[in-house]
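Going in written order, the chains are labelled A, B and C, and every chain counts its residues from 1.
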Amino acid sequence: MQPEKFEFGNKLPGLVDRIVASYYSDGRTHHIGKAYLPARAEIIDTIELLLELLYPGYFGRQNLNEHNIGYHVGELLPKIGERLQRQIYMALCHQREVEGKSEDEGPCCAEQAREITIAFLERLPEIREILAGDVQAAYDGDPAATNLHEVILAYPGLLAVTVYRLAHALHELKVPLLPRIMTEWAHWQTGVDIHPGARIGRNFFIDHATGVVVGETTDIGDNVKLYQGVTLGALSIPKDERGRAIRGFKRHPTVRDRVTVYANATVLGGDTVLGSESVVGGSVFLTSPIPDYCTVSIKPAELRMRDRERRGEKDYIPHFDI
Amino acid sequence: MQPEKFEFGNKLPGLVDRIVASYYSDGRTHHIGKAYLPARAEIIDTIELLLELLYPGYFGRQNLNEHNIGYHVGELLPKIGERLQRQIYMALCHQREVEGKSEDEGPCCAEQAREITIAFLERLPEIREILAGDVQAAYDGDPAATNLHEVILAYPGLLAVTVYRLAHALHELKVPLLPRIMTEWAHWQTGVDIHPGARIGRNFFIDHATGVVVGETTDIGDNVKLYQGVTLGALSIPKDERGRAIRGFKRHPTVRDRVTVYANATVLGGDTVLGSESVVGGSVFLTSPIPDYCTVSIKPAELRMRDRERRGEKDYIPHFDI
Amino acid sequence: MQPEKFEFGNKLPGLVDRIVASYYSDGRTHHIGKAYLPARAEIIDTIELLLELLYPGYFGRQNLNEHNIGYHVGELLPKIGERLQRQIYMALCHQREVEGKSEDEGPCCAEQAREITIAFLERLPEIREILAGDVQAAYDGDPAATNLHEVILAYPGLLAVTVYRLAHALHELKVPLLPRIMTEWAHWQTGVDIHPGARIGRNFFIDHATGVVVGETTDIGDNVKLYQGVTLGALSIPKDERGRAIRGFKRHPTVRDRVTVYANATVLGGDTVLGSESVVGGSVFLTSPIPDYCTVSIKPAELRMRDRERRGEKDYIPHFDI
């Protein structure tokens, strides 16, 4: 017998009260009584409109040609601008609220939001140019890619890099909160976690992509290629006297030009520099710098190899007696 | 020339028959002729409504204040209750069907579903309190986090832990199937795979998150921190005489309080205990217990380092001669 | 003060011109002035309809029974056929465009698309039969699975394998571009990256799944099981005189029947064969073949274990002095 409409009986008022009380007893997990917060859903919409602008014909409207492309862009840009301005405004006001300032203190958020939005949109041609290099690098670096179309339509690594470049531009324009929401959305979608504060050069390719982490203070040169599962991370995290992580200093590696880092390698530390043209082999764990033109690989595995007798249908997976 | 409407010619009846015949020849991949199955789409809707309740103002409706918050909660709770009750009902009836019992055997599913739903909702204030600790742990443990808002709005690791805590509550209330559908949805979204049967303490933080696996019989204490790619997994899986994995016994590790496990470490086995305050370094592979206050790291890599001559424009990526 | 509608001032025309100019200065990142391109959104819709056909009652419409199942299939098939034919047509015309052929050269794309679509649909009963084996393998191989329903409803690994089998069928029918878009969508969703060109036998199970990579020229036998983070990848990628990766030859491993590869193992190279019944342990890095019935595991970790003094509330995470 299907249950009828859900019946709380007489429990609903008490439960409502206890949940509301839980809000007021701890301010850390609610946003009640405050005015400003970026809306994640609109930020994601904005990213999707930006993808249509960055890769016309691949995302959104097809059948574009020289006659309608101007109108198409002229329609997209205001849509993007309006949403972006609103969310940047929210982020700036939110920041002001978090810092305890009143609405009269500091610059006018609405005016700032407009200026930042225009500055960001004016950077889009440059961002497109850089992305063309990233697309080319993906094709050149992956024997499985049949053409550039496949890269743009299908590769999650390229989506992650695209969103990073947009977020990084906003980060450089000092927009709070939004850049991280954008890159974490891309992380959600693609499994690639690039902090918007990282500095990444041209022709950057992440192959297979899942599991890559590029930390906040990472510096990456041109023509760098990473494989799945690569971590460019922090080595140690000193804490303050209250046990909280200290923020801001360089704690992630520097990667020079034309470096390749193979699958599941872990490279850690603010002093760890991968010299130009160097190669870090798969599964390497590295916490000190290597020179230019250097190949680093793990020693021959010294694997234990054991022949098992056949046990017929009772075969079971043996212990790893380590 | 664009193709016209798709024309099967005379092949459609034959193809329909062969596909339907494939259903009846093997019952393992269809759910025809049976009444009860949880609906994944409604379960996902329910999770999203729960997120609005757990983190008001961050998900769903913004502009909440002390005047409207009571009404907001009073509206959300019945929506959640109705969907949850329906899906729990489906899961219980499905379980009864799977066990071959008739509708008269055992307790009434509709009544059970209602009781479980109310019991679950009454646990939400406690779950919120625990999540506040998880949010704080994320901020304290990550130098890249600027504030708690960023954690709640952006961090996939926090979403995974949130869904785990909800699913675990349902698991403890003995709801079949639903908990696993919920955590696997979170796995889909975030790359983090936590079985709802795992037991996890307070102030739990998964940084970067992608690739983490926490097995069904894992026990984790308070103030534990995991990085991306960490596996808390099973060491060996004995099989029965039909070659099927034996279910139920403890085969995943125990992690005590204030342990940190760094990126891509693999910790396996039901007897493997990580003592309190211990640290497991990146890429460590560990299948035996370690004591309290212990740091385990892999030996200096014994990397092979090789300088390559410059080969001008003909450089190619060298073999790994291992 | 909320920002008003976004005001470009006099900047909009200049910005539109500069963005359009960026399109024409570099053809690599736009698809303007060309007629044919598969539409990712419709391909994803088609996958979802196929899931309803492959696993009736689990996806899409519930309450199916012997009376309505024939009509249900008879309704689904033309929907799938129409979308698939259209996208295959687009992919074939796109390919012809990319190769610089005129519309009169080569076979008629519309007729080809129809024939391929019918051939693909006629293979669905066989694909369903193979998937039943994959579902069973997941249940048999995972102690945490309570029944087959859980596998079909929840396991991202199964979704990835399902989409791979569909994409591989299209790949064998020589459809360009579509197969890769499909498997990369599954990669997006599940964190599993299986190239549609890979050849995979029956009863294939990927447990936990996130981070698995199966390369284009991989061959896998029957009853193979992979865990999360496993890479079956390429060892070296020779380049041509222009520095581009050479495409097409076998560069990924061969895995024989009844092999298990544990979490985060990396197996590379076209000459690397994993003999039947062999076991590759967790975190192993392997670039040479192993015989039948062989177990390979990493040597006891030679971990450094260090006891740390308790430092009260000032504890910090120690350096990894490597």
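Annotations for the structure displayed:
In this text, contacts are C-beta pairs under 8 Å (C-beta built on N, C-alpha and C of every residue); 3 or more make two chains touch, one makes a residue touch a chain.
Keep in mind that what you see is a predicted model, and the values were worked out from it rather than measured.
Chain contacts in this assembly form a complete graph, since each chain touches every other chain. Annotation: the chain B:chain C pair of sequence copies touches via predominantly different residues, less than half of the used numbers being shared. Chain A and chain C carry the same sequence, and matching their CA atoms takes a turn of 120 degrees, rounded to a multiple of 5.
For the pair chain B and chain C, the distance between mean C-alpha positions equals 21 Å.
Counting partner chains per residue, chain C has residues 191, 210-211, 229, 237, 243, 264, 268, 282-283, 285, 298, 301, 315, 317-318, 320, 322 touching two or more of them. The touching residues of chain A, counted against chain B in their complex, run 1-9, 11-12, 15-16, 18-23, 26, 28-35, 37-40, 94, 98, 176-177, 180-181, 184-185, 187-188, 191-193, 195, 197, 210-211, 213, 215-216, 229, 231, 233-234, 237, 243-248, 251, 260, 264, 266, 268, 277, 279, 281-286, 290-291, 293-301, 313-320, 322. Put simply, chain A touches chain C in their complex at residues 53-59, 62-66, 69-70, 73-74, 77-78, 81-82, 85-86, 89, 108, 110, 113-114, 117-118, 121-122, 124-125, 128-129, 131-132, 135-136, 139-144, 146-150, 152-156, 189-191, 208-211, 227-229, 235-239, 241, 243, 263-264, 268, 282-283, 285, 287-288, 298, 301-310, 315, 317-318, 320, 322.
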